[in-house]
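The letters A, B, C, D, E, F, G, H, I and J name the chains in turn, as written, and every chain counts its residues from 1.
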Amino acid sequence: MPDASLLDAFPTPTDTPFEIEHVAQEFTSLCPKTGHPDFGEVRVRFCPTGPGEGGVCVELKSLKLYLQSFRDEGAFYEAVTNLIRDDLAALMRPRWLVVETRWRGRGGIRSVIRATSGDVPAI
Amino acid sequence: MPDASLLDAFPTPTDTPFEIEHVAQEFTSLCPKTGHPDFGEVRVRFCPTGPGEGGVCVELKSLKLYLQSFRDEGAFYEAVTNLIRDDLAALMRPRWLVVETRWRGRGGIRSVIRATSGDVPAI
Amino acid sequence: MPDASLLDAFPTPTDTPFEIEHVAQEFTSLCPKTGHPDFGEVRVRFCPTGPGEGGVCVELKSLKLYLQSFRDEGAFYEAVTNLIRDDLAALMRPRWLVVETRWRGRGGIRSVIRATSGDVPAI
Amino acid sequence: MPDASLLDAFPTPTDTPFEIEHVAQEFTSLCPKTGHPDFGEVRVRFCPTGPGEGGVCVELKSLKLYLQSFRDEGAFYEAVTNLIRDDLAALMRPRWLVVETRWRGRGGIRSVIRATSGDVPAI
Amino acid sequence: MPDASLLDAFPTPTDTPFEIEHVAQEFTSLCPKTGHPDFGEVRVRFCPTGPGEGGVCVELKSLKLYLQSFRDEGAFYEAVTNLIRDDLAALMRPRWLVVETRWRGRGGIRSVIRATSGDVPAI
Amino acid sequence: MPDASLLDAFPTPTDTPFEIEHVAQEFTSLCPKTGHPDFGEVRVRFCPTGPGEGGVCVELKSLKLYLQSFRDEGAFYEAVTNLIRDDLAALMRPRWLVVETRWRGRGGIRSVIRATSGDVPAI
Amino acid sequence: MPDASLLDAFPTPTDTPFEIEHVAQEFTSLCPKTGHPDFGEVRVRFCPTGPGEGGVCVELKSLKLYLQSFRDEGAFYEAVTNLIRDDLAALMRPRWLVVETRWRGRGGIRSVIRATSGDVPAI
Amino acid sequence: MPDASLLDAFPTPTDTPFEIEHVAQEFTSLCPKTGHPDFGEVRVRFCPTGPGEGGVCVELKSLKLYLQSFRDEGAFYEAVTNLIRDDLAALMRPRWLVVETRWRGRGGIRSVIRATSGDVPAI
Amino acid sequence: MPDASLLDAFPTPTDTPFEIEHVAQEFTSLCPKTGHPDFGEVRVRFCPTGPGEGGVCVELKSLKLYLQSFRDEGAFYEAVTNLIRDDLAALMRPRWLVVETRWRGRGGIRSVIRATSGDVPAI
Amino acid sequence: MPDASLLDAFPTPTDTPFEIEHVAQEFTSLCPKTGHPDFGEVRVRFCPTGPGEGGVCVELKSLKLYLQSFRDEGAFYEAVTNLIRDDLAALMRPRWLVVETRWRGRGGIRSVIRATSGDVPAI
């Protein structure tokens, strides 16, 4: 089941704001209604808080393991997306954060869910 | 015939506004004049009301069944689009909602219909 | 010859403004100077007036027959475009309307003509 | 339900062999196990028998109505494909015939079924 | 109505075999069942007989006028294709000839018809 | 040589402003220094003055003949572009006009020249 | 763990040979060395034995469930591919069968494995 | 070596501002450190000063010869780009000018350099 | 290990601001947690300070050697990106500078990191 | 330096011949003349010997580590390719084996090297 304790972080290397984007193309969880597997992609984009304020960045391997911990979880797309947003926001307290999930589709319907934290700048 | 009672919902998982898009690529109904089948795609994009205000999100499987209930319905494109908008707005009372239908064409003419509810932000 | 009486309409299904686009990819008329056939595409996009103000939407099959009525008409591109705009505006009195014709070309020149009615929003 | 009596034909216009391909991109039937709709494309390619031997070609509108008659039929992809092949072969007794169905997918699996009659030449 | 007397020819300029392809992208005729217009593309490819045997090539403007003469003709795709093949074969007595028509579609079905005369080489 | 007297016009069919674009993909003139042919594309886009002010639109066949009159003219790209702009502006006195020429290249250099008249709106 | 008993079949609908291809784009199993998930695509193509010889075709939903049963299995790509081939060959005893797995990659290496049964014709 | 005296000009044909773009896709010079050839593309875009102020436009063939004069020159990308900008600005005194060089790469690094003169409008 | 002393510079050739972009598509370093190699692309875009203020530009071959000096370095993506930004900013004191690294992915996750110095204009 | 002892294998899972392809997109070694890094892709395709003859397949993680062992090796493209072929052939004694290396290029030249063992079938 989703396990935020798997997430690890390291101090942000600079106080100058910068941007990080991680795209995990191999995400799977279970449909809470049918138990069948869902497949999708998780995109995380954020600006970390600087080390002067104790800011940290999520470590990539721990992010991989954390995302893998959804493998046997039955959860709605919307809950998955908001949970990842909440766990990453709690871990990093970033300046801003966007989590977007893109699902390959179930019953002929494909979905995209987008949750944010803080003031996300327009691209 | 279209049956809004097929629609099911679950509580929005967070009060923080976020965005959801569902794209159903396999939609069919009947032409009210000729009885011949129409084929199209239905795109639904919305921002749910938060749980603090009793907000809910449409459940995906119920959305599939609801859209399938148009299979034997004879209705104009314009009516189909507005009905889906109305049924989803009534179910969810979302912050905003867009329903767009894209039809493969009849008599050499293809059509796109777009109906909204609330203040839809520019993308 | 172009026959606006072929156009049929049905009451707009809602007072909430929404958008409709019809694209007819198989349009043909005659060149008024040489009598040779012209081929093109007609795009109609509009926002209908609501039923509370007696608003109507053009019916799709009648639009097809209306466009077919140009088959033996000798007319300049510019006149065709403005006539379609005028006939549809007279029929529907829409909030706004755009008619765009795209011609495959004659003598190595291809053309696009765009006529509007009312305040067309930027896309 | 599938109704071969909807199929109509006209005499092949020439004894010289020639080739015909019809591609119906809007086909739908029902899954015999779940009752849910399936969507796909039907491709029919054949060489008609000549009029000297009583040869006929399937008429296009009747083919459309015949394919529409599968709309409420619950049938496996394999059965649908072979039935269309059998009905068309019985109607036309063509020199050769290929029926290929391409299904959009169910449960994350998309399928292609290909059935033939007579000696189909390599393309 | 189709009028082969519109076709004009000029002597083949050489006895060495060579290939000619004409592609007319703006072809229209009428459906013999509904009277509605059909739109398509006509591709003609042939190897003319040499001048030593009285060979001729179809003149391009006359081909255009000939194809335009189908504008008000109600005919099946198959008949149109074979008629063009027959008229061109009668006019030119070419070494070989292929006529292929590609139709934009009617009732969601698009079609390709291919008729030949003589021994057409594989490409 | 370029001959503006070839240009013909017809009265603008309506006082409502509308837009016209003609794209001539087959333009050729001669290099004034080497005498070699240049090949390019001429794009003309304008909004005609209304008939209430004596407004006219350039007739398409006359535009073709006018553009063909540059065939034996030795002129710089820049001069060609401005001359077409001047001749069309003098003929039509349009609300606004853009002439853009795109040249296939000479000596490994391809060029685009753009001249305007009046207040051209951003697209 | 992989469970061939999940596979279900139905009698081949005809004795005439025909071809079936199923493509499952959402396949996942576990790496037997690291326990990390692998993601890939499974393509199955076969010609079923006819009903006269007791031939059957794999049922699509059962194929989906069977492929899902690899979700928690730690197995090499090569073993997965051959096992699917063996299980389907045992179930159907087809005229011929190809199983191809395409893996998204692990450690920067992506792989394709192809196993067959019987005489697979060149495509 | 680069030779600005190769550049030739002709009077701007009009006082109305217009835009010119020349793209030379075949440019080569030498690396000043290794002596190896560099390959790239030179894009020049400008608005010439009008003839009323003695304005001129660079002549195309002279531009080609001028660019060819860099063939045996060892110069940094940055110096090449600014020199072309300076030479063209000195020759033409244009309203504005942009010179952009795009280099195919050296040591696995490709580069783009962009130098301007005057107030370049946003495209 | 990363060695800023490898970086070499030459005086900016002009005081007029201009833009330089270098894209190094072959970058590799080591993962600080696993020791496995990472592969990516480094994009550097900047506006150099003019020679009047002692401004310099990074020399391309020295940039290549500097980037190669990361080959045996174990460092997080974020640290690599900020270090390159810092080293180049210290070397050149540019008007503005952007360093973007794009990583091919590790554990199914690909990443993009973007660090800046000074006021980077929108493109 | 390249270390074949890093290669590990497991018994081929079946005696039926089948095909395996591994594509490693992130390969780097050093140029033996300049010491500069080379970047490329390594494709390995083979048919393993069956377990009845003691046949084995290369294990994927060990292949990754083996390919990484070239990171500090100075070797010509040709030598790298043949060495990988030799090491894999010695490890597996496969029915046949192809090793293809595709190099991103050095000095503007990109290269492909292909070495085989045994009778490789045409694709």
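Here are some notes:
Definition applied: a residue touches a chain if its C-beta (ideal position, glycine included) is under 8 Å from a C-beta of that chain, and two chains touch if they have at least 3 such contacts.
Quick caveat, the model's predicted, so the values are computed rather than measured.
The chains in contact with subunit B and with subunit I alike are A. A count of contacting C-beta pairs for G-I and for C-F identifies C-F as the more extensively joined pair.
We define each chain's centre as the mean of its Cα atoms; on that basis subunit B and subunit H are separated by 55 Å. Inter-chain spacing, taken between the CA centroids of subunit D and subunit E, is 27 Å. A straight line joining the Cα centres of subunit D and subunit J is 48 Å long. Separating the centre of subunit A from that of subunit J, both taken as means of CA atoms, is a distance of 37 Å. Shared interface positions of subunit E, defined as residues touching 2 or more other chains, are 36, 39, 104, 107-108. Against subunit I, in their complex, subunit A makes its touches with residues 10, 12-14, 16, 18-26, 48, 57, 59-61, 63-64, 67.
Residue ranges of subunit A in contact with subunit D, taken from their complex: 36, 39, 104, 107-108.
Touching subunit A in their complex are the following residues of subunit I: 33-34, 76-79, 81-83, 85-86, 106-117. By the touch criterion given at the top, residues 25-26, 28, 36-37, 39, 68, 71, 104 of subunit B touch subunit D in their complex.
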